[in-house]
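In the two complexes below, chain A is the common chain; its partner is chain B in one and chain C in the other.
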Partner chain A sequence: MKNWWKVLCIILLLYTIVWGFLGPIPNLDIIHETIRNLYFHVTMWFGMMILLTVSLYNSIRYLSKSDLKNDIIASEATNVSILLGILGLCTGSIWAKFTWGAWWTNDPQLNGAAITILAYLAYVLLRNSIEEEQKRARISAVYNIFAYVMMVVFIGIIPKFTGVDSLHPGKGGNPGFNTYDLDSHLRAVFYPAIIGWTLLATWIMTIRIRITNLQRTN
Partner chain B sequence: MKKLFALVAVLLGLKGLAQNQSNQNMGDMMRSDGKIYVVVAVLVVIFCGIIIYLINIDRKVSKLEKETKK
Partner chain C sequence: MLTKELKALLIKEVKLEFRHKYALNGILLYVASTVFVSYLSFKQIVNAPTWNALFWIIMLFASINAVSKSFMQDSKGLFLYYYTLASPQAVILSKIVYNAFLMLFISLTCYGCYSLFIGNIVQNQFLFISNLALGSIGISSILTLISAIASKTGSNFSLMAVLSFPVMIPLLITLMRVSKDAIDGLDFSVTYKYLVVVSLLDLIILALSYMLFPYLWKD
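Up next is the complex of A and B:
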């Protein structure tokens, strides 16, 4: 049974959808029931970061081994990550509208996320602009390392500074959900949800990799 | 024998208590959520549809892979 992880993915996501809506939640001001977005909006970003790390690993491996297999995995992992990132931006925007009162604020976390998506869109453009395979693989692998550092700086480091004015939980000196709000009820759905959505993205990624391999052999 | 009866009685009592509690919770949940389970059902159907579609694509790619190997 080599497809066990696909079954696990379906079970975890069904659990997330059903228990994510019916399960108990903590009583929070302003946020109220929208805390359930934790299982859908936040998990998009977790999935994106996990897949971008897979992409980074494969880019580094390509640079040391020059195996095109690693290049294909790196590029398809990035493609699916961009999808997750755009979904994360859209869902975050909706959530912001109903809790902060605006679709988009000049928040370092929001702008950082947008810059990250743009940096990875540039990766796709860069790849498409180079014809020769080995050259394309090498240049995009180097750029991928640079883009990953940008992602860590713009999502992980800058918004966390206490001096920065940010509304986002866990950023700009605000307490994150994990410090006092993320109780055991939320955790019981949140962690399986991260694994489930990441597995779904991985599934899509493997299909894209297989299609690319088929195109190359033909 | 008496002890056994007592044990069975206690167990039955516990079972009844547990059932009562779970029923109450269930009723409260359904009422307080205002038919949220309808939305859950719709989402589950949509999710299943997407997953079945994904499985189909997966199978098609597997078939193509087999054909190109020949």
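Up next is the complex of A and C:
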């Protein structure tokens, strides 16, 4: 049974959707029922970061081993994480509208997300502009590593020093979700959802890798 | 060995610049005319955030224009020639150092023109200038590497801009933040930590360019 993880993925996502919409949630001001977006918005971002890290790892591997397999994984992982990133941005935007009152706010997290997507779209553009396989792999790997580091710096380090307040929970003086009561109910869906979305993204990725391999052999 | 190569390559860059002249003069004219256009549309700016934003937007475009040439003007044959003579580290470091000086020169000129036309509202000159100097190093390191990447695609200026904007923004935001403090005249004891952040960013970018360039180099 080598496809057990695909079954697991479907079960986890069904659980996320069904129990995410029906399960008990803490009764919070302002946020109210929108807290259920936690299972979609935040978890998709986690999935994106996991896949971008996979992509980074494969880019570094490619630079040391020059194996095209790594390059294909790096590129497809990036494609899927762009999809997750855009979905995360849309769900986040909807959430922001209903809790903060605007589709877009000047928040380090939001700007970081937008920059990340721009950087990786540039990565895709860069890949399309080079014909030769080995050259494309090498150059895009270099850009991938550079972009990843700058993204981590932008999202993780700079907001701490520049003192720009974030509206997100747990930042800029806002209480984190951990401080709310009944958090175990949220957690019971949150963690399975992260695994579920990541598995789904991996599934899409493997299909895309197989397509790419077939195109290459033809 | 590295320092010797570095020196020779730096001298070559400077000589090439003086021989052609059009590159530096072109970019200075670019800065001057951009500032003049801004002057015609804004007249005077007294609002600190607007002053700051316009200055750095002009700097962003001027720097991309200035540094994008650094690898694109080298032909493929010239690269092959470097390959036989110098180590990749020497090549990238020489370009970064040269571009850092170029950027410093451009940013000071830009600051001068800008003060002349739009007005100077900076209260802490020392902080502003040291921020410009640190920024020049960072901007030059990022754009030199991106220019190397863009030159490999055989593509045009637009790719250079698209590739460099997202990776420039972390540095640019920090620089804008420090220069905002310089405009407001905050004391050095308050803002030194931002200068430390800019220096650390410079170091990260420099280290990345230094490590990654050898992979771009072999063709």
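Just so we're on the same page, the second predicted complex is superposed on the first by the 207 of 218 C-alpha atoms of A that agree within 3 Å, B and C clash if a C-alpha of one lies under 4 Å from a C-alpha of the other, contacts with A are read in each partner's own complex, and residues count from 1 in each chain.
In this text, contacts are C-beta pairs under 8 Å (C-beta built on N, C-alpha and C of every residue); 3 or more make two chains touch, one makes a residue touch a chain.
Keep in mind it's a predicted model, so treat the numbers as computed, not measured.
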Self-check item: Superposition on chain A - do chain B and chain C clash or fit
Solution: fit
Exercise. Figure out whether A:A122 sits in contact with chain B (first) or chain C (second), or with both, or with neither.
Key: second
Exercise. Could you figure out whether chain B or chain C reaches more residues of chain A?
Key: C
Quiz item: With chain A's C-alpha centre as vertex, what's the angle to chain B and chain C, nearest 10 degrees?
Solution: 170
Practice problem: Based on the superposed arrangement, let me know which partner A:I17 touches: chain B (first), chain C (second), both, or neither? | Solution: first
Quiz item: Looking at the overlay, does A:V142 come into contact with chain B only (first), chain C only (second), both, or neither?
Solution: second
Quiz item: Between chain B (first) and chain C (second), which, if any, makes contact with A:I207: first, second, both or neither?
Solution: first
Exercise. Tell me which partner A:W5 touches in the superposition: chain B (first), chain C (second), both or neither.
Key: neither
Exercise. Give me, in Å and rounded to a whole number, the least C-alpha distance separating chain B from chain C in the superposition.
Key: 32
Practice problem: Spell out the residues on chain C that touch chain A in their complex, using ranges where they run on. | Solution: 145, 149, 152-153, 155, 159, 162-163, 165-167, 169-170, 173-174, 177, 193-194, 197, 201, 204, 208, 212, 215-216, 219
Quiz item: Which bits of chain A are touching chain B when the two form their complex?
Solution: 6, 10, 13-14, 17-18, 21-22, 203-204, 207, 210-211, 214, 217-218
Quiz item: Along chain A, where are the residues that touch chain C in the complex?
Solution: 63, 115-116, 118-119, 122, 125-126, 129-130, 135, 138-139, 141-143, 145-147, 149-150, 153-154, 157-158, 161-162
Quiz prompt | Residue numbers on chain B that touch chain A, as the complex places them | solution = 29, 33, 36-37, 39-40, 43-44, 47, 51, 54-55, 57-58, 61, 64-65, 68
